[in-house]
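Letters A, B, C and D name the chains as they come in the text, with residue numbers starting at 1 for each one.
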Amino acid sequence: MPDPVRSTVSPSQQSELADRFAKVRALSLDLAAPLSDADATVQSMADASPTKWHLAHTTWFFETFVLRDHVAGYALHDDRFPFLFNSYYEAEGRRHARDRRGMVTRPSLDEVRAYRAHVDAAVLAALPDLSADAHALVALGCHHEEQHQELLVTDILHMFSENPLEPAMWPAARKVPVEMPGAIGWIANDGGIVEVGHRGDGFAFDCEGPRHQALLAPHAIADRTVTNGEWAAFIADGGYTEARYWLADGWAWVKAEGIVAPLYWEEGESGWTRFGLDGRRAIDPAAPVTHVSFFEADAYAAWAGARLPTEFEWEAAAASHDAGGGNQMDVAGPVEPRPSTGGPGFFGDVWEWTGSAYRPYPGFVAAAGAVGEYNGKFMTSQFILRGGSCATPRGHARASYRNFFYPHQRWQFTGVRLAKDI
Amino acid sequence: MPDPVRSTVSPSQQSELADRFAKVRALSLDLAAPLSDADATVQSMADASPTKWHLAHTTWFFETFVLRDHVAGYALHDDRFPFLFNSYYEAEGRRHARDRRGMVTRPSLDEVRAYRAHVDAAVLAALPDLSADAHALVALGCHHEEQHQELLVTDILHMFSENPLEPAMWPAARKVPVEMPGAIGWIANDGGIVEVGHRGDGFAFDCEGPRHQALLAPHAIADRTVTNGEWAAFIADGGYTEARYWLADGWAWVKAEGIVAPLYWEEGESGWTRFGLDGRRAIDPAAPVTHVSFFEADAYAAWAGARLPTEFEWEAAAASHDAGGGNQMDVAGPVEPRPSTGGPGFFGDVWEWTGSAYRPYPGFVAAAGAVGEYNGKFMTSQFILRGGSCATPRGHARASYRNFFYPHQRWQFTGVRLAKDI
Amino acid sequence: MPDPVRSTVSPSQQSELADRFAKVRALSLDLAAPLSDADATVQSMADASPTKWHLAHTTWFFETFVLRDHVAGYALHDDRFPFLFNSYYEAEGRRHARDRRGMVTRPSLDEVRAYRAHVDAAVLAALPDLSADAHALVALGCHHEEQHQELLVTDILHMFSENPLEPAMWPAARKVPVEMPGAIGWIANDGGIVEVGHRGDGFAFDCEGPRHQALLAPHAIADRTVTNGEWAAFIADGGYTEARYWLADGWAWVKAEGIVAPLYWEEGESGWTRFGLDGRRAIDPAAPVTHVSFFEADAYAAWAGARLPTEFEWEAAAASHDAGGGNQMDVAGPVEPRPSTGGPGFFGDVWEWTGSAYRPYPGFVAAAGAVGEYNGKFMTSQFILRGGSCATPRGHARASYRNFFYPHQRWQFTGVRLAKDI
Amino acid sequence: MPDPVRSTVSPSQQSELADRFAKVRALSLDLAAPLSDADATVQSMADASPTKWHLAHTTWFFETFVLRDHVAGYALHDDRFPFLFNSYYEAEGRRHARDRRGMVTRPSLDEVRAYRAHVDAAVLAALPDLSADAHALVALGCHHEEQHQELLVTDILHMFSENPLEPAMWPAARKVPVEMPGAIGWIANDGGIVEVGHRGDGFAFDCEGPRHQALLAPHAIADRTVTNGEWAAFIADGGYTEARYWLADGWAWVKAEGIVAPLYWEEGESGWTRFGLDGRRAIDPAAPVTHVSFFEADAYAAWAGARLPTEFEWEAAAASHDAGGGNQMDVAGPVEPRPSTGGPGFFGDVWEWTGSAYRPYPGFVAAAGAVGEYNGKFMTSQFILRGGSCATPRGHARASYRNFFYPHQRWQFTGVRLAKDI
């Protein structure tokens, strides 16, 4: 998941910053509202973090890079917190081991909420006098926190999935019956040079630039993502038992981990179920499949006689669509991918695996200092995902946005859109 | 740690059982009183369990073996709990993986307290009509719970030690200055046949019998345990860096784990400190060393020109001492080994590693059914400890009591008493 | 390392095939000539294979895909060999576990030589009557064997490095004194569309095509590779101790494995030495550094204020150079990177890490059947290397050749060429 | 496996020492005679060593402790060999990692034979002038080498078992038809004090003393070991699938390793086969079962309603039997357990697991210096085996002999004799 580095704050954004800050900070608390102190403390795997840690780490970010660095006389809320709540910034010194974050029963959730309140008040009080650079860091912090809001939701889902009781975080939303989607439609592209990367207006993370030209080969890209129903057919057709569909590393992963279906799926007497934020329920065959790894996505594409799109094919197709539309997270509640209705959409529901490795764009240079550690240092062995999911806070997605995970990871809301050569 | 199997309930004990049950059950809650829901939920390593699990598992024991099996019409408080709170009884069916106990944020600590209240009321209501067998199971459950009280304390200590903030569970007790203990005195024994094992009056775990004869060689046993000050001298003399003091497996453990001192010790500018239930403080050179493994105990003895006592040498020496004396746990609070005063004592402060492997006595037969799984199946590769510690509930210790752990384990209050051949 | 799939055999190549076959087959035996049966049997790590296995596997390739499939009535030399000597072709059935190849003390090296002689005779006898398809498979088998010749050399080097006696495989070649290379010169490129991939004349592996257009950004590429002397300066300047130069995965690898220098380097009283096919000797500061991983290459580039070239930048620069020139393997003997003399060269000495992940070209489709498993299934999490090394048989390299390894691997002759944005 | 420490060489033994030395040294070479250089080099697991290492290590023992320490002016055959061929003597300095012994392709088997010839000549030349102490060390070295002869045989068997071709080391011996053994007979013992441990006449390892009194409980011990046929019945009755027969650690081992039968057994269409030094053949139902772990032995005993004998019960029963009788190794060849004929025997065929942990006898003190590392430092977490096997050189066994292995190990010729309380 990218962390933010460079930002350009336009004048019109400056007046909105206080409102935006307040709104972003409130959503994090709303997301944590159904959780007990214990729920917010436990870490279910090294890849995931406790809710309390997300709440505190995003606060540490503002306290460190805004208040400590730009507000004269600011005293740390608790000088033991930087050690606990720094994530991976080597330049910011020693920090608690990532896989032991779940040992921190104290401070409590309430104490972390008090930490948030203290820092929120200090940031809002300081805002009128902050330099443009510091304003940019506040904006950066908001985007950073939105990233952690999505992680908070997916990490909590994983933690509850490890409890044999499989508790629901929220009651289920009412399901609206929809028709099954028809066959995939293909959007053809004759190839040629396109412009990709962030345009320079509005916020973007450093890894989205510089904007540059890319050369596309002739291809077609699907007008929707793969559904649960289609995935069930893949399973039924031996998708997880035939080596020929799989990358060699993927096949080794399937064998070693005993993978037979997407994460959180279980087969019962009445068919496949999935665990979600509203507990365990039957899969919806019309909804986009999610919680699949790059390895699974690639194998599905091979089975389907297609391939994954490159990140630039995806970006070219998505550029004319509204990044603020689709099924994204507006409020705290049981987000999940929903059956698509209407025409093609490229944003929301599921992050879409591309066939592109996460590598720097031509001319990319990491920012100086600790914030320069956000993105560049992760550019190896990970794959790009595009589009945003049902757990992405609305407003966070962009056509140029580059999300990234290792090819075996699948606890995010990750899905599949097909492409093919023409 | 032994789990109980066989018991003989004398008439006089029957009238005391309700009182004892209430007292034991209350102490567990007292021990958990300073803990938050999160504190009580987190599991810091596979060897340890969450407080909430201890509180629920001991309750499950009464619910299963007393209420379910001996009280007609009893309905389980929650039929999902047996899966969660069975420990290792294969005969009782599937159960939650031991190393994932820390994932159970729900039920909450309050819900577990409600589970306890429900079962407590049911047991007390049923008690007057229970058969002798069921009475014996209630008594067994009390002893079982006392074992878990000690584990609860040592597991919580370990969990807090993993928090970089090193929180104290209780405020420190007032320290009473004492003189440094003098040189070890040696209690000589000319050897010969002695009777060992439980006598048959009062409660004992199955592994403590049958009582039988054992042949002792001439030997002497120390009149006190090794102190922190003596241990610091062992460290300063290269105790952890000279292979010749160590068993081969112990030396491999020291190298692989980077062991340089007892668990929870850290070297600072003012010397060694230790982490305890009252936080981090300087070691007390006059107090018994604790949190050392069998490997360390054996190496210390080699360095000191002595050896560990056998379990029967220990039992023979301890038989004439009051098992209810010494520094054992009377109430919830910051228990820790204390400097010894007065004459030789064999009970309390620290469990004492012996050189005896945990194996069955002549004629030992495990009980039938699930309770038969308590002790016999652990009789391999573990070593016997004797005497009881500062965290052993007073009344739980006996001269015949056989505690056992693997030779590398040291998160219990484990210490060292020397012996030698004469 | 790529395995071959598709080939187009021109008429002129057909007449040379018997000669080429004989020459390739002879070089493998020459490489193994200094080895004892034991040398040829032992496997030093899962990534490497025994010499005997290389000799037998390349033979199995001809026996299976040429003789079994295209020569009526051919009987297998030994029907137990396919299980032993298939490498990773799932379609060819079960096979011996890769990491247990070193257990096969029997058949002996002499028996494997007999297997080779049997198959060689059968292939040469069959050649006049073989179809064009089968001819193509013979040609493919020769390229395949050349790949294994390089692996044979690097695997043996690794195996000898694990012997505390550090035996030399061959006596050292005479060193010719040379001047130290001057500062790196930069070859500028204004960017734009270039053609990359195999042209279609002559042999190539499937992953080298289809030939297609690629868009380059303006950049400059170094006119030589990084030297041992420059690498020693990187080490002396804290290259392996400063996290900021490293990708996060690379830094974790450095810490976990205790990496402080290239593979086979040791620091002695007189400075750095390296282990090579001629034993342990002082490093030559003027020679190209080798046995560095992608992680190290990337960190070096960050330290040097540069970056690695993309595979297409490299291919564009190398296209006008003679792929048959430079320091490549002509005969069996102590190959090693040598100080460069003369103008820029892009072939030989060391494989050069690029910053490009190994992924398919637009329009790539794997061949049908078992040979289709050669390349496509490895296209994840590996990085492209270009150019060929001192252990690459001369004639095997091409500008379009795509070698690939995981970012932590470094037992091949792998080195670094810098690039930068302009 | 014990290594020797203390010895008392009687005058009569002194005159036989040269003959004995020559005979012992010859047998090792005879055992290695069928092996190629590669066979003798490969190491199949960390617990096992290559044949070449056994041949060299036993030679190093004489060279170090006899020639280097007691023969003025002796120059080491090769001063790089001590690093390679020291086993675990910390006092003798650094040594090659145990699990990398299989990397040493050079020196070759012939060079190791030359090393042996050199040392043999030097020892024989020095013998007339050696002190009594040095004589004792030569005798010790012979016993030490006999131990390694048994390991050589079992290690080679394991190595060949890892080769999919399953080569036979020797042709099969002719099988003599025998009747199935009848039901086990029980030898009763009323208990009481017995003398155990080495008497002091003749050679013994240090851990066999001091001789001392032990107290036995009333018991009975079987007059023969468990057979393959009986073991097959245990398997058929669910022996490996019922947790209740197993120690907890044993059950975890069965589950983790997928254990379903003794090592080297495979189930085919015609029933169980086993791999042995003569290749794969049907099991002989009348022969003693072998290659079972302590965990399996203990589970079998639980299933059979019996238990394992203590080491002193075994020693008391065996004391009146001829330690030189039974099926032990006389010459190099395909040793294996054979159906018993005649009355009860306690020596040969299989080492018999006892229920006794390997711990020191009262008064045990390790010898000073490097040889003191032989036995004492292994006295933890291992179990005693008694009696000797078909691969024990005849003359090596004694009633007081204490062999020891970890409870999961089973590549030695290990079997089961039952006992029970009466």
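Rule of thumb we're sticking to: a residue touches a chain if its C-beta (ideal position, glycine included) is under 8 Å from a C-beta of that chain, and two chains touch if they have at least 3 such contacts.
As the structure is a prediction and not an experimental result, all values here were calculated from the model.
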For subunit A and subunit D, the contact-path distance works out to 2
Taking each chain's centre as the mean of its CA atoms, the one lying farthest from the centre of subunit B is chain C
Per the C-alpha centroid definition, the whole-Å distance linking subunit B and subunit C comes out as 59
Expressed in whole Å, how far the mean CA point of subunit A lies from that of subunit B is 46
Whole-Å distance, C-alpha centre of subunit B to that of subunit D, is 38
Subunit C touches at least 2 other chains through residues none
Chain-chain contacts, ordered by label, are A-B, A-C, B-D, C-D
Seen from subunit B, its contact residues with subunit D in the complex are 88, 90-91, 193, 212-215, 217, 219, 243-244, 246-251, 294-295, 298, 307, 355-357, 359-360, 362-363, 373, 377-381, 407, 421
The residues of subunit C that touch subunit D in their complex are 36-42, 44, 80, 83-84, 96, 100, 102-109, 159, 162-165, 167
